[in-house]
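Next up, some structures in structure tokens.
After this come two complexes, each holding subunit A, first together with subunit B and then together with subunit C.
Presenting the complex of A and B:
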């Protein structure tokens, strides 16, 4: 007798849908509720942001206010102030170019090809230098623009980049000091790290911006912007130090012992054996910390800087656009979202990529 | 001298003295300069100012406050405000986070998508931007004359007005405790081993306990009722302003909503991680001994997931507590804003900063201590630890 093997019928499209979303009455209910919520939100949002929205400046604020949907004309009218703040109007191309330099620098440092100490230092050094020259001017025929006129997205990016640039080496120093065999050094460093971590960032920024001028001699005070960046870098480094230390703890003790047995000096052991492996362990958490500190740059608005959030407040706060606050905040939220979301997606990708190596 | 430096012990001791000493010297120098600068402005250092009256007022306080009150009282008000906002935000964020986190671990693809979209959007927008947004939204609501009305509540640009029962303060607090008991008692009865009934047959006792607690609450409210006024005090328009009811100022609601939504997106990820950490074998074992899906969830999945979540959740709560300092952005008088105002008005910079550090250290340490206790109390013992 011959065996007849019949393959189970391939599920049709309808059956597939049924299995995925309507397997049990509870599932069906859940699907319907989720679908209803999604449809409602998407429809409302589309209707507000696209169908009933006004995009052109021609009608002026009055026509815009009368519309049922979003009034994107406020962005069309005020995007320069949101992105560049009080930077001189004719020079704003420099501010835009500086932003591009920072973005390119960030993208480059996300590529594994640049993950050696020297290359990453080169990329960040060039990027930040380029930004600084472009923004500040005074050389190469560019008119001088002081820090007090910097603002908008460019200032946000500057604070973020310099925070990382100062904070990262500081974090490695703090982590090494905390890991030191000398009890008093490790204890004191631990106290500093834990102390900074227990304070809210706003209070540190406030201390550096407002209180520090009392406590420093005149010649050390510097510009308020750089003091705030220093405070933010200190906060970043306290968190990042713990991440780096965690990464170092993940390096098997045998690695360092083997290096010691080969007669390597302390700096050789740290620089060639421990740190490279530790950074690899710590990379996902590090990216996460970058994401957090990018979002936290927005806090400088409280100590009176004209970064993107403050310039947004100014963009709708004056006169005729007073009603269009939702659109302005949506625009700024979108800018933040693009930066933060792509960084965090990159972090998730890295995590997957590294998990492959460990299997 | 050089040979002394070659000695490892001497060198180590010297290094440590140098490190600690230079740090201490730096801090000392800063304090000295600050004291001299402040003294030039006629500000004497010391904590005497704590007993002087402030001369300024706060816009939100759970405790009675006037401009004549001393500074130490204002600091207390600040701490109470911070704890109140933090507590409210923490509870709301936990509720939001649990719902979204459960949606993210659900078997339903659409629910997962919804949860994921929520987390992706709100986690990636800075908290302070969300605070500004909600604050702008609330302060752009119609004036009291044209207020939105829903369920006896009034939505106006001056805040949210909710009806409150006309009962004495103590009776109100007791009634709240009774309502909390109505929720907590059934949960406890469902888990304790002190009852002789098996776990599945306790529904009756649980319902009875909840009903008793709710009835107690109702009796307390009825007894504590103020004479000659209606049971519920509804807000209503009188002249140009609103009278009656309880006013929740826009500053507070904006912060609480923003913290709930932003914190909720983080807690959702923690909840999801906790459920993911529960071993598949545990659940399969529970199913194979014949437990119903609901009891697999309540007796196996949830308790195990809770244990995985708790340490991370504790960190998140500390973070949320610190996030209340955003209050200064919209003018909510939390602890930090009181400190900042103190520095502005009295000039007692060093002391105020010291109080700020001490206050946050105390808040963080006590939160951490509470969570360590809970963590220890529910930790799995002995060989139960195997995954």
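Presenting the complex of A and C:
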């Protein structure tokens, strides 16, 4: 007699589903009910967003309001206000190019190939320089546009990126000062960090935008936009400094000792040995801080800047599109999502990349 | 190269005192180490032996007395300290390799940024010393991928890449599994046979017997006894030394 040994078949996907969701009649019932609820919600959403929605501007707001679904016409009609704010209509291509410049700059500086002092300085210098020239004009035949007219996505991106570019190095300085051996330095820094952290961002923005001009001489004031960016960078750096310090505490003391024993100077030890490891430890919290900062740019509206959320309000707030606010907010939410989600995925990529050296 | 060096001992320690708060960690230590000499320092834990060698490259600051390394006195002058650290290599109990760099990069970084050597030269040197500690094939791995014994040999190679004149070993085998101790000691024996000035804090008495010119026994922050290994192991008359030896060698 011949024995045929058959290995039990590997559970297929269908088998697996059956085992997880339809093992008993009760389980099957619950699964079906949940499935029905989910299908209902998805169908309702799709119906609203796609099947019954109006996409063209031709019918005008009235036809759109009458439709059963979403009125995406408002986006088609008002996307320029959302993306560019009050920027002069004929010049909005400059604002669009400026957005591209900032995005390209950000993407490039996220790539390991650009992580040398000279390259990153080149990328940041070119990126911010391009943005500034494009937005402000007054040179190369571009008409002048003052900062008070900047707005929309272009402004949001600019505030976020410059906040990080100024705030991050500042955060590292604060973290190093707080770690100083000299008590009066570390205590003073601690006081500054804790002081800034215990203030609401809104009050800091307000102080920098409105109160500071009374205290500073004319030539030191600069435009309100740059004062607001400085305030926001200060706020960012207070939080980020503690994140960096936490990361440094996770680096064993033996690392710095080994670097000392090899004759490395303070800055070599910090730059080559301590910070790279500290930033690895601090990466998840750092990405978190970036995400929060991106969304907090919407607060600049209280000092009179029309970043993307405020521009959105303006886009539906003028009479005929007043009913279509949900669509406008959905559109803005989508833009926020694209940026924040990319940031999170980038963080995940960095974590995988940095994990190479660890077992 | 040796002709350009200042004459005199490699390390001279005179009347060294060190406190941690009110705890008197080192009590008036006097010790002179000649060039090419191999010193083994042993003693019970807490006796101050690690503190002593950490004072030699100023990982610890001393509170009294003088330390002169290669003719330069250790004081608050940062230039002096960095100059001395370039010439004094150190190997730690817990290896302290840089985990975010490959083995090769670990060996190249200090020669490149401290001694300003070109990359190609630093790499040649690094590969030569990795060969010497018998792990050239691990050059592109990260420290976390190596065994303890391999990591410690990389740490020795990393220190040697600075081409130091003195090597300090701070319990280099204490954190290793028994089967890995020999591979590290072998490298140290080779180094000693090539005339390196070495100060080793270790409990490896076989190593001391084989390699040391002098064995120093410390207890309670003092040098209790110092003698050539043969005399130290066989005819010590000091009660504390004999007790320590019976504990270390007794089983």
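Here is the rule we use: the second predicted complex is superposed on the first by the 325 of 359 C-alpha atoms of A that agree within 3 Å, B and C clash if a C-alpha of one lies under 4 Å from a C-alpha of the other, contacts with A are read in each partner's own complex, and residues count from 1 in each chain.
Keep this in mind: contacts are C-beta pairs under 8 Å (C-beta built on N, C-alpha and C of every residue); 3 or more make two chains touch, one makes a residue touch a chain.
Computed from a prediction, not measured in an experiment: that's the story for all the values here.
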By the touch definition at the top of the document, which applies to A:273: first (subunit B), second (subunit C), both, or neither?
second
If we overlay the two complexes on their shared chain A, which of subunit B and subunit C does A:260 touch? Say first, second, both or neither.
second
For A:202 in the superposed arrangement: first (subunit B), second (subunit C), both or neither?
first
After lining up the shared chain so the two structures overlap, which partner does A:188 touch, if you call subunit B first and subunit C second: first, second, both or neither?
first
Contact-wise, after the overlay, does A:49 reach subunit B, subunit C, both or neither (first, second, both, neither)?
neither
Would you mind writing out the residues of subunit B in touch with subunit A in their complex?
12, 15-16, 19-20, 23, 30-31, 33-34, 37-38, 103, 106-111, 113-114, 120-121, 123-129, 132-133, 136-137, 140, 322-323, 325-326, 328-329, 336, 339-340, 343, 349, 353, 356-357, 360-361, 364-365
State the interface residues of subunit A toward subunit B in the complex, per the touch definition above.
20-21, 27, 30-31, 34-35, 37-38, 177, 182-185, 188, 192, 195, 198-203, 206-207, 210-211, 214-217, 295-296, 298-299, 301-302, 309, 313, 323, 325-326, 329, 332-333, 336-337, 340-341, 344
Report the residues of subunit A in contact with subunit C in the complex, numbered from low to high.
252, 254-255, 257-265, 268, 272-273, 276-277, 280, 354, 356-359
Spell out the part of subunit C that touches subunit A in their complex, as residue ranges.
57, 59, 82-83, 85-86, 88-90, 92, 94, 96-102, 109-110, 113-114, 142-145, 155, 158-159, 162
